[in-house]
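As written, the chain order gives the labels A, B, C and D, with residue 1 at the start of each chain.
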Amino acid sequence: MGKAIKRIGVLTSGGDAPGMNAAIRAIVRTCSYHEIECMGIFRGFQGLLDGDFEVLGPRDVNYIINKGGTILKTARCKDFRNPEGRKLAYNNLKSAEIDALIVIGGDGSFTGAMVLSKEFDIPVMGIPGTIDNDIHGTSHTIGFDTALNTVVDAVDKIRDTASSHKRLFFVEVMGRDAGHIALNAGIGAGAEEILIPEENMGLERLLDSLKKSKKSGKSSSIVLVAEGERIGKNVFELGEYVEENLPEYEVRVSVLGHMQRGGAPSCFDRVLASRLSVKAVESLLEGKSNFMVGLLNDQVALTPLEQAVKGHSPIDKELLRVSDIITI
Amino acid sequence: MGKAIKRIGVLTSGGDAPGMNAAIRAIVRTCSYHEIECMGIFRGFQGLLDGDFEVLGPRDVNYIINKGGTILKTARCKDFRNPEGRKLAYNNLKSAEIDALIVIGGDGSFTGAMVLSKEFDIPVMGIPGTIDNDIHGTSHTIGFDTALNTVVDAVDKIRDTASSHKRLFFVEVMGRDAGHIALNAGIGAGAEEILIPEENMGLERLLDSLKKSKKSGKSSSIVLVAEGERIGKNVFELGEYVEENLPEYEVRVSVLGHMQRGGAPSCFDRVLASRLSVKAVESLLEGKSNFMVGLLNDQVALTPLEQAVKGHSPIDKELLRVSDIITI
Amino acid sequence: MGKAIKRIGVLTSGGDAPGMNAAIRAIVRTCSYHEIECMGIFRGFQGLLDGDFEVLGPRDVNYIINKGGTILKTARCKDFRNPEGRKLAYNNLKSAEIDALIVIGGDGSFTGAMVLSKEFDIPVMGIPGTIDNDIHGTSHTIGFDTALNTVVDAVDKIRDTASSHKRLFFVEVMGRDAGHIALNAGIGAGAEEILIPEENMGLERLLDSLKKSKKSGKSSSIVLVAEGERIGKNVFELGEYVEENLPEYEVRVSVLGHMQRGGAPSCFDRVLASRLSVKAVESLLEGKSNFMVGLLNDQVALTPLEQAVKGHSPIDKELLRVSDIITI
Amino acid sequence: MGKAIKRIGVLTSGGDAPGMNAAIRAIVRTCSYHEIECMGIFRGFQGLLDGDFEVLGPRDVNYIINKGGTILKTARCKDFRNPEGRKLAYNNLKSAEIDALIVIGGDGSFTGAMVLSKEFDIPVMGIPGTIDNDIHGTSHTIGFDTALNTVVDAVDKIRDTASSHKRLFFVEVMGRDAGHIALNAGIGAGAEEILIPEENMGLERLLDSLKKSKKSGKSSSIVLVAEGERIGKNVFELGEYVEENLPEYEVRVSVLGHMQRGGAPSCFDRVLASRLSVKAVESLLEGKSNFMVGLLNDQVALTPLEQAVKGHSPIDKELLRVSDIITI
């Protein structure tokens, strides 16, 4: 076991997600509770290279639990991929007397943290913060629940106009590699079909399904499409293709875009962020390192970062079946 | 003056807007208050041609004041542009013993109502329902206020992620011919620049303004773009152009799309819809015809439909100036 | 095992909760998927006694997934506690050829279902629908997540005014017997203290904590109080007591009340309701009876109704500790 | 005319209201636009006495346009009512080289500003900021529109549970002296009756109205009650009285409370606050003093503070009539 930890650094990295500020707040205050210091590192790994640090006390994180985004900012950092970059980062940590590092982000961010930890023997801990929910070792990532509510709220609005005009809408949501948002929000919004990267239903089955939907007496339809769906057409091409092949439908397309990343976090995400963050700090103080703190079976649980990065976060096939049944 | 009105028909036409249901509810109940009948006509003028009518009583419009969309549905109708189509419509009205017609919609819908009224001497009244606020004779159209809140709420979310990443966002909002949404929501969302159909600021001034904005120390920026802006590039081209010419900016584009038309109406829109609708029914009962009921100087006021259709609804230059000043 | 099930009855009972409509929709459609009929029973057990039934098809539950409340209504029913009442209920079920019953509600509702099932050998299934989350056999009841977001959103608003005036607010939330809402929403809203039925912190410790909070430099404070807290004073008396004993605080009290039961359900509650409901219908079709369908370890799971009714749903002590730490 | 103004002080006073931050932001930036300084004064008139000032530049008001409350805080101040207090205030203004003062608040705040201006010849300007909308000289006060949406959103939630249980709810909203909130939100929320300070409908008429409402087939009812209604009973007594006299109703009471003051301002309030604030600064620079900047006939307009304070802001009788008609 290493020396006693007196100062912990924290950074947010990758895409921002609602609840990151709740995590930062909890980390800062847990440090204070255990009478150690917390150092905020700005703009992710880039700030590590630039030495862009600031001591954060309990009052510096007042009134941020309900704010979207991240007060520490986030950025991409190419230089951190080079050994020289990481050497510089480590030197900055050392100069600032930071004894351990907590990284809030996704897979890529965790990989960065692991490499740094291996090369320079600094304790690190990961907290899963991304709206995509595509991280192994946790049932929920911070921001996922909020993004679902944002999507469902937007699709509820689109449903108003879809049903007034008796239209078919293709709505694209985030999820380049994972369909968690599309699948859950699709069920929540009552989408007639859901297209996700994990399953290629094929164009024929889509057309069949939409024909059946029309016949069943539905006057409007929503198809929720994950960015990374693999049907072979982007969402605009898909809309055109369907309108050509199913002239009984008037088709519209909407891409929800970046608003999915923002907004006040849901209660679920605030509580999740708080729980994971307390555990992250306390695990470091117990001498642990190289773990991700996640939620498994409703309990806070540690997963080795290496597993978290390599593992998959498959979609729940039961949900696909539920969706099929209840859109009859 | 014509014969006593015993039954009034109501239809919604054109794009749907939040608050249309509040208007339908108020029309139905005002009819009931004055002991006449109200007949709902489905799918706009198309329903007029199809005889798609249903008597609506006060209890049929329970619990709809807070619902987006329109329970009467809306649709385009080509056949209504032909004299034969309108003849058919009139015959249907006559068969159903509908003595007068209220049309909730925009310019196009009002024109249809006027022509029908001229050709067949049936009393008509227009109520401005569109999110675009581009109708002469009313300071606010039904749905405009709600759409502003929807846009501002979405841009608040985008701001979270924009400021976390220090990015520049171009956000496209509705408004093909009018910049009311972009201008008001731009001020409300604190947009650094606002591009509207009524003003072509030119690419050079846009670049200058964004450069200045960066220099002033702002870490993120939002440009609100109305669909119909006249700078000569669509919003995606615009984003690319700016990224090429201002490499200091990381640019993203978001098109808010159809969610702007839906959602629970704001209190303002519910009250507005109720006020205009009571007046529409009572004006018909007083023997008036061919007017639009609007809000002028905070008072319900009638404008001849002909003027409403021909007139302009210019943007308020004071607002442009306010926007320039407060985004310094 | 009994005879084949051809028609399932469904009722909602007890306090209504957001997501009940999503459950009704999923039950109706799962019945349709398995080609059996679904019969809606209005006003809970009272409707069972009154024979207030209506066949529900897939299109009858369009556009209700996002509506708060319950389209089947709910009511208290004294007569169902008498054998005569239950006999009448059973006869009505038999006349209507209802072969099995699904009850959406809480403990009391489940007890009613169990008794009926024992006395008349009719298969029953329970689905936990209540905002209080106080049911054994499920980590989440339908409506709990939505209520948390409603409370947190309201307290965020109160925080705005609390911090502008530097005040201390006591905010009472629902929870007569269980502190789940207060505890989770308290963490989510950043409440300085949380008073719940499961723990009596005592007046002295409350005063100490508030004194400490003031000293730590906080300018405003929120104390979240569950209805059933056991400190011995109601929330208004508590406010007065604190104001008398801590003159440095200006105290206000707010009772959130019934708005906590309403509103559009969160995505979480819609998905939860859909999953549990599919399972409830399919379990009946598999010949199972007298179970509650819940969520355990993120998986849909059956618990005998008898256990569900007798068991406890204790608060998570970890959450109390998290709350203590992060409000430092 | 006085000397050139080089530094303007701004304070918020009285109850906070959503949009006050949007006003502060616009004042700071308009000062910057005109190349003068802005000095923020904390905690209202109390801060004036304490010399609690801080120079605010354009970047100090980033990201506050969408925040409820007031970053300048607000407080009551008894000492300002004494000549000695005001003398001290003036001396502090002079020491800080503040040449003019903008007060954002209500009647009481304006009176304070006027007295100070008279006694010490310092130019003052008032901006109406209160959710109550009870100020003469403006059709809308800053915060009113947001409060209406907050109330309507809460009552929509209560309606969900009211209609599920077929109950009658008495919902108390803010408005000690004025019924603007109750009247407008009552129409917007579809309240069956509205009790306001300006009209005493009497208990008999209330009972009659509720009886009629029941007979008309409505299954749930909402009565919106302004704090200052004059029927002679508080809202809880009223609920009991009605339950005793109309046993066909199951009555519940909800007091919305302080959440009505908070929350992100609506687009309307943000635009209103921005417009009034630009005008307030520019009017001072033109040498004007002792005016309130308001909105009249949709245009920014000045009203002498003396008139603003003395005048009434009567409710619109047309709205009462609209409410009667559409709740039939």
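Methods note: a residue touches a chain if its C-beta (ideal position, glycine included) is under 8 Å from a C-beta of that chain, and two chains touch if they have at least 3 such contacts.
Labels paired with UniProt names: A, B, C, D = ATP-dependent 6-phosphofructokinase.
Note that this is a predicted model, so its numbers are computed, not measured.
Chemist: By mean C-alpha coordinates, which chain is most distant from subunit D?
Modeler: A
Chemist: Taking each chain's centre as its mean C-alpha position, how far apart are subunit B and subunit D in Å?
Modeler: Going by mean C-alpha positions, subunit B sits 28 Å from subunit D.
Chemist: When the C-alpha atoms of subunit A and subunit B are each averaged to a single point, how far apart are the two points in Å?
Modeler: Those two chain centres are 36 Å apart.
Chemist: Compute the distance, rounded to whole Å, between the mean C-alpha positions of subunit A and subunit D.
Modeler: Measuring from centre to centre gives 39 Å for this pair.
Chemist: Where in subunit D do residues touch two or more of the other chains?
Modeler: As it turns out, subunit D has residues touching two or more other chains at 156, 159, 163.
Chemist: Would you please name all pairs of chains that touch?
Modeler: Contacting pairs: A-B, A-C, B-D, C-D.
Chemist: Using the touch definition up top, name the residues of subunit C that touch subunit A in the complex.
Modeler: Within the complex, subunit C contacts subunit A at residues 25-26, 29-30, 32-33, 58-59, 62-63, 65-66, 139, 145, 148-149, 151-153, 156, 159, 163, 184-185, 187-190, 216-218, 264, 266-268, 270-271, 274-275, 277-278, 297-298, 300, 318-319, 321-322, 325-328.
Chemist: State the interface residues of subunit B toward subunit A in the complex, per the touch definition above.
Modeler: Its residues touching subunit A are 12, 15-16, 18, 67-70, 73-75, 150, 154-166, 169, 219, 252-263.
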